[in-house]
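The structure's right below; bear with me while I get my questions together.
By letter and in written order, the chains are A, B and C; residue numbering begins at 1 in each of them.
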Amino acid sequence: MEKEIAELFTELRYKKPLIHQITNFVTMNDCANVTLAAGASPVMASSPCEAGEMAMLSEALVINIGTLQPESFDGMMSAGKAANSKGIPVIFDPVGVGATVYRTNCAMEIIKGIRPAIIRGNASEMNRLIGGQSITKGVDAAYVADSNAEIARTVAAAFNCIAVVSGKEDAVSNGKHTYLIQNGHPMLTRITGTGCMSSALIGCFAALRINLLHSAVAGISLMGIAGELAATSLSDQEGTGTFRVRLLDFISLMNKEMWLEGVRIIEV
Amino acid sequence: MEKEIAELFTELRYKKPLIHQITNFVTMNDCANVTLAAGASPVMASSPCEAGEMAMLSEALVINIGTLQPESFDGMMSAGKAANSKGIPVIFDPVGVGATVYRTNCAMEIIKGIRPAIIRGNASEMNRLIGGQSITKGVDAAYVADSNAEIARTVAAAFNCIAVVSGKEDAVSNGKHTYLIQNGHPMLTRITGTGCMSSALIGCFAALRINLLHSAVAGISLMGIAGELAATSLSDQEGTGTFRVRLLDFISLMNKEMWLEGVRIIEV
Amino acid sequence: MEKEIAELFTELRYKKPLIHQITNFVTMNDCANVTLAAGASPVMASSPCEAGEMAMLSEALVINIGTLQPESFDGMMSAGKAANSKGIPVIFDPVGVGATVYRTNCAMEIIKGIRPAIIRGNASEMNRLIGGQSITKGVDAAYVADSNAEIARTVAAAFNCIAVVSGKEDAVSNGKHTYLIQNGHPMLTRITGTGCMSSALIGCFAALRINLLHSAVAGISLMGIAGELAATSLSDQEGTGTFRVRLLDFISLMNKEMWLEGVRIIEV
């Protein structure tokens, strides 16, 4: 599998697909920059006045509810339905789902109304997605999440999608096959937006429409490997500011050889 | 006092409180990153659909009107009232108050409706807050602000809060005791958001709910000391881009020893 | 001409004009930082509740439709009309015009309702502006754009403005005189916002109200020269993250001597 995934890095820089992102205000500049660094091209049009039309021009759609508002939610639904109608893959990042009733309700509406191809979140967010569904199905008490791999497998099966659970080890599952990506560094939790940026990167690879499972592994592992390289490059006098800069540097420098050398992936 | 304040730096990294920030679109990424760098955790939910609920989950609320809109104003009021009801400290940054009628009216509504625990602004903004109140009391002509310390003392007394006036020397007052923090560097005025970031940092320390006056001093002095360290680290070929990076670096590296070595504080 | 333009760099740092920017959410932090780096002062108030009043306080207005929404569009129209009424120059950046019907309609409404003094876009955006107008005039088929210089000349003549077409070589025209600025570097296309930042910089120089054609050349060439300096400073281990930092560094370090040494401009 690694060799096929590695080819996606070359392919992405060659094809430069357009990635439509309706994302949060906090990290959208970071998401645009990692999209460009990886070789794709970002566009971010959240107004319902144009979100659907813009989605039709794109090769993937990334939806992120980090700073959800009624107007951008309408834009997400409009863009998502347009993407669905044309077979454009939708990547969903349910940021903070579970924190408020509004956010949880919107997240469930997105999943049901748009059918994302890939969902990425941390263990607590992803767990909440299944918990929410389980409650409506009355089986919440039966659900026990004991690992990222287990959560990923359950989310993938529940929503018929690829699920990516970020954490110390990232888990990627299509419900049948589940992989652990053993890359990353604690520094990635000390800057804002590394989750959002991972979802953007997954969107870049998904836009190639070669293999969605591989795209999810490519995107999440790219963040992990670049994070390792950035963290190990730091001197004692450098902190999270320089780390952010080097993270973008290494994403922009990544190629198939560097990726093959850095990636640690196991099937579980 | 310095020794007690220094302990807050250790405490913050240990407790990692959640800081809800309804802030402006220009500097929100910077505010999120300094919050993480200082050891706390940011969340930014401005929609009235969830702002109040999110505030209830947080340990401090920072309100910043840099890019005020009717919808985010409703979110601020909703979050502020929720915070008040639970005794969660509110930090208010009246960015640009006085520039437009809308902004001034909203700022006064926030102060009256929410009762911020801490208000931070530059001399002209803070002065305008008292001027505005003085006008409604018919005593505007009698008001003369001759120093940051005087403005801080007057704002603190007028609104029964801690007041922080940023400038060449930052003044912090609770109306009874007033301190000058003699840290900082002119480079801090050559990048956007250092005021907003200072308010975010004050929010981080206030979230510990140990001593609000100490929290205000800790937050504003952290920005000043990190600014000095960042500026003095620059070579001739480095400008405001590198300064921004190093500023975040030094905030993330700060600890009680570095702070005690760097801080210059006097009571006036 | 070069000597007169070079003086604008000194003048800008001396006068520090206030630049009102109603711009997109993705790159607004970058735009604020380049505005400060060049020596001016940014303010960004997009709500129709205050956008017009804020424009009256400013010395230039920059309008950018990168993340257009009905509310910010109303703010743009309100600010633009206020600026027109006081003779404050308006710089318009028609980001992505042509991509959606909504964006195209709004762009044409801005051009007709506000009469920008300067319009800056890439070749495809600027071409679309004339194509759009040509369609309404029924002469679309007759239009052929063969170079940036030709597009700039046509846009300038069509809208009675200064037109700046960004690209490998940037073209600046007032309809009578047309210049090519042969600065820049491919790395400028690998980070987000260099177009938006160029428009912001043009706004800074336009705020001096000395010579609009010179202001356009100053702003666009500043981005190109800083991009060259930033790109050539990179080591093999540095990528787009470090490039972004150095770009801001060199904008903040630029002075008339550096500009005169770096600029390559020809009349065509």
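As a working rule, a residue touches a chain if its C-beta (ideal position, glycine included) is under 8 Å from a C-beta of that chain, and two chains touch if they have at least 3 such contacts.
What you see is a predicted model; the values in this text were computed from it and never measured.
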What is the shape of the graph in which nodes denote protein chains and edges denote touching chain pairs (line, ring, star, complete, other)?
complete
Please decide if copies subunit A and subunit B contact each other with the same set of residue positions, more than half shared, or with different positions, and reply same or different.
different
From the C-alpha centre of subunit A to that of subunit B, how far is it in Å?
33
Two or more other chains in contact with one residue: find those residues in subunit B.
25, 29, 244-245
Residue ranges of subunit A touching subunit C (in the complex, touch as defined):
25, 28-29, 32-33, 36-37, 42-47, 49-50, 53-54, 57, 71, 233, 244-253
Subunit B-facing residues of subunit A, complex
24-27, 29-30, 66-70, 96, 99-103, 190-193, 237-242, 244-245
